[in-house]
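Shared chain: chain A. Partners: chain B in the first complex, chain C in the second.
Moving on, here comes the complex of A and B:
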């Protein structure tokens, strides 16, 4: 089993943005999008997120697996929970409203009363804009950020050195542990182990994972003793750590940080000072169903 | 066997020295690799939820090495697993996974001999509490993010995640604890 990070250098504008500025921007989008259900603000945040995503110059081939998973999540959240059952909108959309099909619909010769309201349908659009805005800025991170940069990024953002180093170290261990996992799986298979044998009840099926999970976990723990001793011998944690991968702010990074702060402050101001926090349906949307 | 129980020393579960840094890093990487390997098992119809035998790893690392190691194993491990699979960052689910390791970690102060009945029972209690709190935190955050009502959050997010995670934890944690007890005994830790 080979583990490959999804990142590769594309010489895109995103490759030249400091990871600290990128995280600050991404969190500003997250909090801006989740502060309000106002359609105008959500649309503005959505446009900003699309522009940001385009800076990564990611291809469909690069990100299709991630988008496939997000599509499953969006389908459950929006189609099943909001449009079909209505529970996904229950926390925001008040009960009642204008029915999309007041006389019901004919499906396969059967007359059905779906109960879908215009308001709920607009909420599905708002939900789509909100979740896509968040997905657009966060899904691109693994594809556009060098795995060597995570430790130093979080250290420079204020995370204690030991925690930042833990993160850095875990990135380094992944290829080794994936190899160990594959070796153990092969060894157990040679002994007749089958992961999806499909025999027995649910407890027995869960226990079938044990011959794989135990050796991998115990080997990892035993080997970590040696690593800790080697780190101690080299004086780990005795003074402030330096990082091989260096970060340097450019003028555009400061501009992105300033924009992030401005975007979040404006959203908060509009939402709480000008009462634009709650869900509302634009008049033109009702016009589509009359 | 020279364990803290027989020597009478109290465990400092909040220590975060070189060993804990390495255990947390190894735990997070292991959680990511095993989750990634099993990511093909998604629960159909449940929002954001996959079947993950790997959830036992943060719980076990919490029990064995304390709450900080347990939390980092779950939190960072989930971030890494999502990165490997290309899903991006979902901070509230990462935090929920961290709590699944943190709560068993709090119980580690009471656990000295890993293959004792009492220790295993405490471990099982910590699994139920940890999964309940962790998945509740992650699921409730969906109300804030997606605007779902409490019923949807309970039935589409919390219950599928809680039931599967608690089952994996309850069955696999005792097996890992017994295996670890043998290692502790052999190496005299």
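Moving on, here comes the complex of A and C:
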């Protein structure tokens, strides 16, 4: 059975914003943040995203699992890919530059030349602002948007019924998978299963988690067939669909859409007309490492 | 002269063989269904009932491929030329497992799904949805999230979603499977009412006795893909093997008179009231989250060696939640659960599995192995049994559920009923001291569940057995103690004959007296104990 995200009405400003306006704003932030590497623009977008996030009145307890997942992604992208290996900065940060530790560093008694540059470090900060801006506006959606509103929102935004409903189902896939995983985990624990990651080689470890992965995967496949059958048996796709959940724009929704368009237009203008899309390091940043 | 109005449903010489199977699932099926008629379709697991339904509602050949001959006519029009969506305007289908059918996140949205697909306006769909909800007495659930409804409520919600579309043919695939007796009775009355209003209703159901109570105009009995009986309800009583489907107890008792009574002697040890409880619930309270209502309100329950306990109660009363506490899958919000004297908060589930074997409701969420044999060996291997013990346990478990021939088969390729039996066997093979089963008979035919329940209870090795069931007959035949939960509290606990004799209380707890219970009460002066219908034949 498809499960919805853990949404609850908080009477927050976000609860009163039309989901269409929210998606338009969120995509405006996404495109604005990915258009440029200019630190000033990224910082401005970042501040806007924080303000937007605060409108949801979400607590840490509500969203900690989501942020945990994002932290893993951030760690991989920023710490591993940008700071340690430098691979993520390729093509954006010019080669060479000022070393953060010109004389190397002493780690566990060993002298290491890390090759980390001030420019790459600033790139990591810029990337952090960019990813956090996007994460802030999108992570709050499942927690602050009524599960009944997804399909109608995508439909009213112009997507065909099939695609709109597919989008709704996709949003519900993650919590469904999490729930199925928990049920399977309980069922296998009841048969003496204990996850012991420390034992065996990689093949043995995969075999060890097979009792979890196979039922969850098979259920996901079978469920998708069931969902398709259940939809067909109730005439889905026969004609233009209507929606029980009603959406209505208020004046503030129009204001948010106008602001979104203005933000994106300004970013594009600054990036392409005033050539502010390329990566650059502010002077004060160099000052921190002298 | 006017042409005769075509019947809502005609099945002509229909045969179907799945591409993955070597033999036909159904052969030469003929049937007709008129407006206002209820047809009961009965038969043991794997007899072809579900395949026939799939042919009628269009899932075959649209979703399941194979070789189909013959025809299905809906109002005179062959389904061959119709799309699924077009068929759905005439035929409403309620699938066996409502969780596979529910799409909406809230009840009202779920009920309106079909109406939305038909392009109805808000003002058109709302009265239809309300009418469907009211008919099933679940209007109060309209703003509830579907995920948080109980099993029985889900069944009703799914049915309301079908009814809201106002089909003229209703196909119901085991609609009573997850309902408590009172809910099942209410659902059946609703089906009768719908038929009386002109709908054609086909019910596939193992609980034949229950459906006979609403006087179906036609009864079909299938075996091995063929129709064995097609006639009225009175005729089926003598036409079919009484051990295969659940007929009313007086009928079974009458027909079984000439056969030797089955011998049933449970092998659990004698109850010693002074012994240390295997499991002890001490004022257990539980709520899933801080902001959700409390589910269990102070459960006190000791399970001792020698006890065969049936846990009864209405849908959503907390039966599964209670049992999950015994294994430590859930921890009490307050109070304690002790397993052989050890607090469940201080032990792991894997450790507890050595004492308690717990069979989950849904088999598909645990089956993973390449063969049934490997599936059954998984638990004992985890518990570090010797290879010989594993082998012996696997063989014993598979014999208990009568699936010996399926040992080399992938469990996920089996039917739902067979998967359920494999899931039970995979826990049996661990030979835990206490066996706990959650709805072990759901989706099973009469012969299979009677047979494996008596086999389990007559097999040495278990100190105690606990099973959750909606089947009152199962409790009175097999249990020596009945625990009734109502609204998260234990409202009755004792011998079956003490608990089940008060009809008024049973009705209040949504457990309706069955024909077997009534016959047992009638014959009590002669028997002095509760017996199955076959055994009662000797006292008539």
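Everything below uses one rule, namely that the second predicted complex is superposed on the first by the 207 of 290 C-alpha atoms of A that agree within 3 Å, B and C clash if a C-alpha of one lies under 4 Å from a C-alpha of the other, contacts with A are read in each partner's own complex, and residues count from 1 in each chain.
Here is the rule we go by: a contact is a pair of C-beta atoms (placed from the backbone, for glycine too) under 8 Å apart; a residue touches a chain by one contact, two chains touch by 3 or more.
Keep in mind the model is a prediction, meaning the values are calculated, not measured.
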item: Which superposed partner A:210 touches (first chain B, second chain C, both, neither); value: both
item: Which of chain B and chain C A:244 touches, first, second, both or neither; value: second
item: First, second, both or neither for A:166, with chain B first and chain C second; value: first
item: Partner chain(s) touched by A:148 [first = chain B, second = chain C, both, neither]; value: second
item: Partner chain(s) touched by A:232 [first = chain B, second = chain C, both, neither]; value: both
item: Contacts of A:98 with chain B and chain C, given as first, second, both or neither; value: neither
item: Touching partner for A:222 - first (chain B), second (chain C), both, neither; value: both
item: In the superposition, chain B vs chain C on chain A residues touched; value: B
item: Partner chain(s) touched by A:280 [first = chain B, second = chain C, both, neither]; value: neither
item: First, second, both or neither for A:73, with chain B first and chain C second; value: first
item: Residues of chain A contacting chain B in one complex and chain C in the other; value: 1, 3, 172, 210, 214, 218, 222-223, 225, 227-228, 231-232, 236-237
item: In the complex with chain C, residue positions of chain A that touch it; value: 1-4, 8, 147-148, 172, 180, 183-184, 186-194, 210-212, 214-215, 218-219, 222-223, 225-246
item: Partner chain A, residues of chain C touching it in the complex; value: 57-59, 62-63, 83-86, 88-89, 93, 95, 99-106, 108-109, 112-122, 125-126, 129, 145-147, 161-162, 165, 291, 324, 327, 329, 348-350, 353-354, 356-358, 360, 362, 364-369, 378-379, 382-383, 412, 426-427, 430
item: Interface residues, chain A side, partner chain B - complex; value: 1, 3, 5-6, 26, 30, 34, 37, 63, 65-66, 69-70, 72-73, 76-77, 80-81, 85, 87-92, 123, 127, 130-131, 134-135, 138-143, 162-163, 165-167, 169-174, 177-178, 181, 202-203, 206-207, 209-210, 213-214, 216-218, 220-225, 227-228, 231-232, 236-237, 279
item: Chain A contact footprint on chain B (complex, rising order); value: 16-19, 21-30, 32-34, 36-37, 42, 45-48, 53-54, 56-57, 60, 64, 72, 76-77, 80, 82-91, 143-152, 155-156, 167-168, 171-172, 175-176, 179-180, 183, 187
